[in-house]
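Next, two complexes with chain A in common: one pairs it with chain B, the other with chain C.
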Partner chain A sequence: MTDTSFLLGLADAMVSASTVLVLAGLGELISERAGVLNLGVEGMILVGALSGVIATVVTGSYWIGFAVGSVCGLLMSAVHAFLCISLKADQAISGIMLTLLGTGITTYFGQQWASAQFAGFPDRTLPVIGGLLVEIPIVGPTVFEGPATDFVALGLVVVVWWLLTRTNLGLEIISVGEDPETADTMGIDVFKMRYLAVLIGGLLAGAAGAHLSLAFTGIWTNNIAAGQGWIAVALVIFARWRPGRLLVGAYLFGLFNSLRLRSQGLDLTLAPESPLAALLNPVVEFLLNPAIMSMYPYIVTLVVLVATVVWSRDDDSAQPAALVQAYSREAD
Partner chain B sequence: MTDDLLRMESIVKTFPGVIANDHVDLTVRRGEIHGLLGENGAGKSTLMKVLYGLYTPDEGTIRLDGTPLRLDKPQDAMDAGIGMVHQHFKLIPRLTVTENVVLGSREPAASFRKENVGDGLLAGLRTSAPVQAVASRFSLGLDRPKRRIRTLADQYGFNIDVSAPVRELDVGQRQRVEILKALYRDVDLLILDEPTAVLTPVEAERLFETLERLVDDGLSVILITHKLKEVESVTDRVTVLREGADIGTVDTADVGRAELARMMVGRDVLFEIEKPNTTVGDPVLEASSISAADDRGIEKLSGVNLEVSAGEVVGVAGVSGNGQTQLAETVAGVRDPTAGTIEIRGREMSEASPDEFIEQGVSFVPEDRHENGCAGGLSVMHNAAMKDFRDDQFGDSVLFDYGSVGEYASRLVDDFDVRGVSDVTDNCADDLSGGNLQKLILARELARDPDLLVANQPTRGIDVGAIEFVRERLLERRDQGTGVLLFSENLDELFDLSDRLLVMYEGEIVLRTTPEETNKKRLSVEMNGGGSKRVSVPDDPPEAATRRAADGGRSDR
Partner chain C sequence: MLVDIDVSAREETPSWVAYGTPLFAIAAALAVSVVALIAIDVNPVAAYVQMFVRPFGTVSTLSNVLVRATPLILVGLGVYLPMKAGLWNIGAEGQLLTGAIVGTWIAINVSLPQAVLIPVMLAGAAVAGGLWAFVPALLRAKWGISEIITTLLFTFIAADIQLYLVRGPMQGGSGGFPQTDLLPGVAEFPAIPGTRAHVGLLVALLFVALLYAVMRRTRFGFRVNFVGSNAEAAEQAGMSRYRVYLLTLVAGGALAGLAGISEIAGNQSRLHASFAPGYGYTAVPIALLGRNGVSRMLLAALFFALLFVGGNRVTVAMDVPAAIIDIVQALVILFLITAEFFQRYSLSVSVDRGDDGQTIQGTEVSADD
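Up next is the complex of A and B:
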């Protein structure tokens, strides 16, 4: 049945499309839990994507490409960390600057790599139990078959949740994002913790980029991130700074993203003899127009942000209390 | 010699333009409660921050048990056995009591603890340094700390749920968590920075009982305070600081309150204030049946009638939260009444903006001096001229004459003895200690020769010297013909200063009297709603009574 295969294809595309958001969103989440807003994610994704392609073409190994892309994201976040933590510069300005920088650099150096051919991450199943899992109806082929980076991202959701809620390191990261002065009096090195969190964030943003070019699209194109870094920032707010909810949110955004790609073969217009056809068909055609559909993820972002603010008015405490606040010891 | 636990010798700490500690000595004996007394800004907190590793001293030595200490960060102090309960609690509301207590101590999960590992091949591996290093970072054991904290809490009679998030605890419980944090780390010396500032008298009493028990168990305690009563009732010895200098250490039993006050302020302090009789003039404030709501829209003021005349002090007593804040804000023009009329010097002002109230000669000393009384990030000069910057003396309507504004601010700072200001343009309001900030606010409000002064808790949280100063200035204004509406939770203050007294309860004035006609006991009863209020308020409008009846079961606050 075509309907089932459409839904299956859509679910598959949704899961694949969400991985970029999961990786970048987790990075942003850790960084924000430590009190540092990183608006440079978009730039880090772009840099991670291009450097990943270059390294893959040069070495022939997509795993090396993935590693290089991640490290390049980390290097960019080191600039952010130095500006915001050591120099106490404005976090928003530093982040936007890094996004613009990343866009510029990748546009300039990316030209010659736009037609580069390389072998990216192939679809595969998990080792040992993968053969069994993939037999599960619907979930099997969509979740348990895909590029290795999809599994890495899913595993990281659990790892980040564990890190933040079940380890001393997580407790300390949260404490510097809530009240750095208190953390300091408890003997926690605030600067070290914040650097750590921002660098992990950059590493994951770079990994998101490398996944995007090496596993999702399989090719480098200019401005490949197309605003997904910004969506990742919004996603963290939507998720109320919790990794589990971030995964749900990423699937939601992934759904709208893949709808755009998949719906072109879908004809939802009514038959001409239907009485409502004259009225509704122009609307349906407008809504299914690819240019309009490509706006859906962003429209959803806006709607979700408004909804989050409206519904969670009593839940203000979800936001790290010291977000965007620089810390210096003798300031009190 | 051996019973000296701590010796701080010749500590010097300077900040740009200010010597916060000038060769201060402090010796604390084992098992004593040692008071550290001084006015706001005398250098008590600075000295303790030096001891806790938050500030590095310019000169001086610190010895604990005879061993010289180098304290670069709080961790060093904790390792040496020094714990501190800060005035503003160092707790993270989102985390639980246990998490707050263990934060930073890196307790690994149970399976990595030495006593749980047992013997065998894997045991050696699990206790090896690299594995322990990983475990202390990437695991978290809360079970054992939780038991230990519970035991400590039981031992000192703290009734605290150790798994509850700190944001669900009240102020007194939070303070006990702070003490638990120190006890958990086996401190020998516990520093408490003005611990009673946030507590009710009953809670303060409990705290002191706890301190006595801690001392019985061998701890030493440093109690930072500016309240003479606390020094007298709980400390064994006391060291007095004044303007950064060490005035001396005395046995508390040997000195009286007056002597301590003299050491602290540097002159004799009058505990009784003389209040000459003056003639009362025309009414400056006439408010009739005004109602007002708080920020959440809940009615806090229900049809209050109030009149203040030139040359009198009208004191308003009441338990916090019974509408005093709303009454003060409404008659000062910063909160719009929901019903009723306000007349200032005969002019109807109910709809007027705060600006018009200022023009009409109303001055206001708000309850929260940091939040509403000043702009913390602006300079002392800006804050001093904040209400009068349009005045002709500060330039024309286009350009500001900063020279004359600066002179004006410097004059206020001198006249009102605001300390800690080296330059009115360089120092910002947040640099000032509580008492000095309050003097600055008072200076700004009184320099305008107001016809009506509304002062809400003007002496809360400031030291005796500053309190005396503020009270004298209030009476001085009264004698010069200002009508003063004074809100205070300190009954002594109300009795000393007021010509007339009002008591508020649940948004209404339930008693109108004078200091001569009543006593503190009667007032306390009325403040808690125990009076026969219908009889004692004949001038309360009837609609207020119906409104009360209509929402009689309301339990908001």
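Up next is the complex of A and C:
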């Protein structure tokens, strides 16, 4: 394997691996912007991934699978919305338990689908302009060639940015996350806006799961999300609740994720005659051990999370002011 | 029109509602789980008899519940204590794993007489678990970084380290299985005569009593409760939130570490790749179900131990996937928080009271004490 093809493969895998985080992260971002923390993302990704596989196997269409996976994520988030918005339950408890429930349900029903064969999303060039852009070295084939869900995710980054900053609906969502009392007096339906944001979040988490099983791995395995839902929650903090920064963060984590998957083709050990070989080779081997490499994304998440929070400690303005606070109307 | 119920806060919760809520939550969870059992063509009545009645059949089956309960009580305390201070130790699983790793290493590599070795193993496991919780505790206390996310990330890292160790440096035996050597006989926790339960259970009950006393009788316990119910007010009263956060989460980690080594030395006899079936995650529902007192947490731990034993029985006897345990656990708590709404609010005609003091804050877990 030559170095350029390794880099190309790595960059390609990075974009594809980041799509899960982009989709789930955007959903979490919208939900949190409306003031509702959703810690059930991990569970929603799992449910989206399994239901997507089942629907694809049954109908033979990966697009139907993608739609069903997204809707199942939405249905789970409806439980979260009902508990947290209508019943004013603790958002952290509800979310954590939905993750536990999602893990349980998908492990329970997932066994028989673990060896299921299906045709997932094929790699293709972005329609219309893709044919031209794909000629750009490295960037072209990595960004403009891939499963359709990669393009959907990239498009959604722009859509969500536009929605939140350029539309009335977006401003209403943000207002119920910043100051629900004032929003209510302005005539905005706080409950409706929060429901809407949480449901969009669940839809995107389900879509992230469906992408994961239908386009990225091409197979269902137990606990396929492997903590990516939690990384998505951390990414939103890193992104300071902004879609553009979320994309950057997702690429960073996609890189570490794909590094692990592609590292088999990489040989970094020094030649035995090199004087440092005896000293460094065990270190390199340790660092390239698959079990050790699989913890890199978590370590990077920790480091980046801490760095973000410590550096922007004096600027609390990015976090929605009413995050995790239930809203009750004064008795009227 | 989306759901927008007109509700009013109860001035006080009737006692039958308060006591009935956990029981209702369990009953509702079991009722809904029937769907999952029917979906795989299992007779739910037969399954529930197998799960919840059969374990009471003989002393030996009953002692299985106590064996399961031992790590669950310890790790349950490990989530319960930080929860009292308003913190979520969602990553108790990771602290449990590090405790098991370090305790096992001591058991295999240090030769001491049994009366010394077992306390050293316990201490090593507690220190390891405490250290594993230390960084998340520091990050939370100093910069307010969510301990939910950090303890979980530390759990994922601990799980990878465990896999690396049992496949590499700590791998033992023959056949290349991902496991260590068997613990030497002196390192095994002695059984309580006549049962399969072991010394770990006594350690667990000791800590239940200790925590009960600390929370009720000491200044520290008072501070923890104060910070947990209103951190701002506690700060104004001159209490250090920083110290309470650090101490409770690190102590929680130590308790989880004890759970880890007690499961290895008391039950499994060796560290292997999948020795912990998510006890650390189950600890969260345990602490939530028993959030109103250490003794109720003990009952919750016994109930979930029964669920584990029963879950294993239906897995073996009726081919029900073991994940039924996770489904029931999650549903119990989801129904618990649903029911708590009716504890706090009454749905009758709303009364104009003009105050809104019952708004539930996100992390106030002990507000109803």
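Keep in mind that, in the parts below, the second predicted complex is superposed on the first by the 329 of 332 C-alpha atoms of A that agree within 3 Å, B and C clash if a C-alpha of one lies under 4 Å from a C-alpha of the other, contacts with A are read in each partner's own complex, and residues count from 1 in each chain.
One rule holds for everything that comes next: a residue touches a chain if its C-beta (ideal position, glycine included) is under 8 Å from a C-beta of that chain, and two chains touch if they have at least 3 such contacts.
Every value quoted in this text rests on a predicted model; they were computed, and no experiment measured them.
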Touched partner set for A:100, first chain B, second chain C, both or neither: second
Comparison of chain B and chain C by chain A residues contacted: C
Partner chain in contact with A:182 - chain B first, chain C second, else both or neither: first
A:86 touches, of chain B and chain C: first, second, both or neither? second
Touched partner set for A:167, first chain B, second chain C, both or neither: first
Chain A positions touched by chain B in one structure and by chain C in the second: 330
In the complex with chain A, residue positions of chain B that touch it: 52, 54-55, 73-75, 78, 84, 86, 90-95, 99, 102-104, 106-108, 136-140, 167
Complex interface listing, chain C residues touching chain A: 2-5, 7-8, 36, 39, 88, 90, 139, 143-146, 148-150, 152-154, 156-157, 160-161, 163-164, 167-168, 281, 284-285, 288, 321, 323-327, 329-331, 333-334, 337-338, 340-341, 344-345, 350-354, 356, 358-365
Partner chain B, residues of chain A touching it in the complex: 163, 166-172, 174-175, 178-179, 181-188, 317, 321, 329-330
List of chain A residues in touch with chain C within their complex: 37, 39, 79, 82-83, 85-94, 96-98, 100-101, 103-105, 107-109, 111, 189, 191-192, 195, 226-227, 230, 233-234, 237, 289, 291-292, 294-295, 298-299, 301-302, 305-306, 309-310, 313, 323-328, 330-332
